[in-house]
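In the two assemblies presented below, subunit A is common to both, partnered first by subunit B and then by subunit C.
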Partner chain A sequence: MRLLTHNMLSSNIKGVMNGFPLRLEVEKSVSKEVEFNSDFLRNMFPKIEWKALVDAARSMGYAELPEEAPESSMLESEEFLMKFHHALLELHLEEGALICPETGRRFPVNKGIPNMLLHEDEV
Partner chain B sequence: MAAAAPRVGTEALQKGIAELYDESSGIWEDIWGDHMHHGFYDPDVQSSISDHRNAQIRMIEETLRFGGVSEDPVKRPMTIVDVGCGIGGSSRYLARKYGAKCQGITLSPVQAQRAHSLALDCGLADRVSFQVADALNQPFPDEQFDLVWSMESGEHMPDKTKFVSELARVAAPGASIIIVTWCHRDLSPGEDSLLPEEKDLLNKICDAYYLPTWCSTADYVNLLQSHSLQDIKTADWSEYVAPFWPAVIRSALTWKGLTSLLRSGWKTIKGALAMPWMIEGYQKNLIKFAIITCRKPELIG
Partner chain C sequence: MIINVARVESFLNRSLEFITSSTGIVCRFGNQRAFCTMTDSQVDGASSLPPLNEEFRFKKPITVSREKKSSSVQSTPDIEKKYVHHVYDAIAPHFSSTRFAKWPKVATFLNSLPPGSLILDAGCGNGKYLGLNPDCFFIGCDISAPLINICAEREHEVMVADAVNLPYRTGFGDAAISIAVLHHLSTESRRKKAIADLVRVVRKGGMVLITVWAVEQEDRSLLTKWTPLTQKYTEEWIGPGSPRVRSSSTLTLESIPETEENSVRDQLRNSKRLSEDTMRGTINDDSSVAPRNGKNLENQQEYFVPWHLPYHRAEVSGASACALANGLAEKDDKKGAVVYNRYYHVFIEGELERLVSGIDNIVIVDQFYDKSNWCIILKKT
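Entry: the complex of A and B
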């Protein structure tokens, strides 16, 4: 699971007021090279919750992203785009879990695929 | 709504659906490829298997056209959700077509893994991702997606109200919502429900395909209206999909089809045996292949 995906997942357990972002529990992570596409990155940037991405990247061991959400002028900086690209697309959570920030409920991630199914008492 | 109540509990239904697709997706893909939906055909044209794969692509394109989804670089969808994504055929196609990011959800872990492998194989895994999740409780925050796509998954939803409510919730302002699904005929004024023999036929199909309940196109329209969605359009495409089930039956009766079925499992075989009932349902104008599209209002100001 890439952090691009993580940035769009939330816990919708009944009664949870804010299930985003999910915390990461990392058992196995890998970094896989992905072709750099600056247009795609610039298109995605407005849709990214920046703090969620920074925190998730840090839990995967990558702390190079700026804490503060960058100004859009930073999108012209190749150096910034490379870091954004790496965090968003090249870091993978292969095994572990996503944790609901309110309830602590674990959603397992196996072979890179999160299982977000809720139990009957959670809907 | 005149739909029957779901006949099995939700977790049992989810398990049944997941197992059906865990068991049968491989065979389907082997013979039919990565799109697990009807093809769109010109009426009265004979088609070979490769024509059928093209017809499945055409189904996607006709659907997008009917739904008015723009290809304009400024207005095209950038984030897409594929609700009931199968092995990701639509997800990959849409992501490629629009240069967009797409997330697919399915109840079947086998499908999710296969969808992911196929995305890796064609170099789309950076933009297309799959999760095991429930369409009735989509694991996304509100208003995430510019295009909300449900291609032949609505049939599996036990609670159409919740299904539509989730589609509306995850749609961004200005997004297109597209539902292509099997419905039963609209009820006439004064009709409370389908005729008993009609219900019997649908029930047999329900059992085979883990369909909990059927509703009509009009029921979907009412649900979409209740969410103040705009530009609601519907069509009955039954005549454009008529060659599909006979083609699937023919493919099942080939040597490859039969041997694969025998090796598969009882759920898949039961599904195969139910295919003539689908044809009967269409011929009796009971089953409709419906498309329902709409738009979430833009933000004002």
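Entry: the complex of A and C
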């Protein structure tokens, strides 16, 4: 699971008011090279909840992203884009879990695949 | 009765001879644990699948009980668990090997999206469309873990999730697709909820493509291979003598006022006969039912559609042993395959449009019929 995906995921358990962001429990993470595409990154940037990305990247051991949400002018900086690219697309959570911020419920991640299915009593 | 792994392996080697049991069977296959209960399937009569017989023009209708356990639209009904989820889990590799042709209309839609788009595929199956547009990024989800595993092996970004309850933030995607998915949802409210979620997860200005199987199949002979289902909603079933029968499609109801009473009698007769029969029901020899079946088939939208899983594939899967034991699948020695039934609610002309008519933040960009599918393209406003 990439952090781009993580930035989209939200716990939809019945009764949860705000299930985003899910906290990461990292057992195994890897980095896989992905072709750099600045247009794609610029398109993604407005969608991203910056703090969630920074925190998630840090939990995966990557602390290079600026804490503060960058100004859009930063999108012209290749140096920034490369860090954004690495965090968003190249870091993978292979084994671990995603934790609902309100209920603590663990959504397991195995072989990079999150299982977001709810149990009968959670719908 | 517990069947341990050694016994399972030995009976798989004996060409899928199986032992029926009147109690629950726990089958362990490697790391997976497939729990099958006989009692569930016997209660609702769905285990009494008629034997396949090519001589008969129409399949004998099956009555499937739709007892609702939870009031939540997001709770998966039993018919979908048995005749969609378990089936796809069991047939995943074989199914995937038959799903390679990229449907041109879907490809056109995907290739028309701006480069750099984030595309969400809800019910992605084996991931056939993931990555189809190389300038876009795809995130897929499916309720079937085996199918998602196949996607992941192909390096796609995927997860196991329910299309009726997408665990996504609102407005994140640039586009969403739902290709041959909604016809596996067994109630109108679930189908509407899935569509609402597709719209919710795309941004303002985002596009949604939905395709579903049509009642109006180009190859009409296909319908004779399908088993029509008569529905019985325990809450909504109205007894004999009442002129109105509620079905899941209100279109059906309004279009046949004259013959409704006949339909009620047929359904009653069918369900009574089915409950009297044991596992292998007698073939329908009631000639007064068959021709009326032909007429009713015009409005029939609920079906079991068979999937033939070749024996050598079934042994690899392992889940077929459970399915056979439970009566959820049958052996067809002539074809050398385990036959599964998949639940479908096929769509009638105008039904997709009707379903989206209640959504106020979309416009219909296009709708069309293509190769036995109804399709609609929406834009979120």
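Heads up, the rule we're going with is that the second predicted complex is superposed on the first by the 123 of 123 C-alpha atoms of A that agree within 3 Å, B and C clash if a C-alpha of one lies under 4 Å from a C-alpha of the other, contacts with A are read in each partner's own complex, and residues count from 1 in each chain.
The working rule: contacts are C-beta pairs under 8 Å (C-beta built on N, C-alpha and C of every residue); 3 or more make two chains touch, one makes a residue touch a chain.
Quantities reported herein were computed from a predicted structural model and do not represent experimental measurements.
A.B. asks: Between subunit B (first) and subunit C (second), which does A:114 come into contact with in this model arrangement: first, second, both, or neither?
C.D. replies: After superposing on A, A:114 lies in contact with both subunit B and subunit C.
A.B. asks: After superposition on the shared chain, which partner residues are touched by A:31: those of subunit B (first), subunit C (second), both, or neither?
C.D. replies: A:31 sits against neither subunit B nor subunit C.
A.B. asks: So in the superposed three-chain picture, is A:11 touching just subunit B, just subunit C, both, or none of them (first/second/both/neither)?
C.D. replies: A:11: touches subunit B and subunit C.
A.B. asks: Between subunit B and subunit C, whom does A:20 touch in the aligned arrangement: first, second, both, or neither?
C.D. replies: Both partners, subunit B and subunit C.
A.B. asks: Identify the partner contact of A:42: answer first if only subunit B is touched, second if only subunit C is, both if each is, neither if none is.
C.D. replies: After superposing on A, A:42 lies in contact with subunit C but is clear of subunit B.
A.B. asks: Contacts for A:103 in the overlay, against subunit B (first) and subunit C (second): which applies, first, second, both or neither?
C.D. replies: In the superposition, A:103 contacts neither subunit B nor subunit C.
A.B. asks: Considering only the contact definition stated at the top, list the common interface residues of subunit A for subunit B and subunit C.
C.D. replies: Subunit A residues touching both partners: 1-2, 4-5, 8-12, 19-20, 39-40, 43-44, 47, 111-118, 120, 123.
A.B. asks: Of all residues in subunit C, which touch subunit A in the complex?
C.D. replies: 69-70, 72, 74-75, 114-118, 135, 137, 139, 141, 143, 145, 148-149, 152, 157-162, 165-169, 172-174, 203
A.B. asks: In the complex formed with subunit C, which residues of subunit A make contact?
C.D. replies: Touching subunit C: residues 1-2, 4-5, 7-12, 14, 19-20, 37, 39-40, 42-44, 47, 111-118, 120, 123 of subunit A.
A.B. asks: Quick check: in the complex, which residue numbers of subunit B touch subunit A?
C.D. replies: Touch list, subunit B to subunit A: 9-11, 14, 78-79, 99, 101, 103, 105, 107, 109, 112-113, 116, 123, 126-127, 129-134, 136-141, 144.
A.B. asks: What residues of subunit A sit close enough to touch subunit B in their complex?
C.D. replies: The touching residues are 1-2, 4-5, 8-12, 19-20, 34-35, 39-40, 43-44, 47, 89, 107, 110-120, 123.
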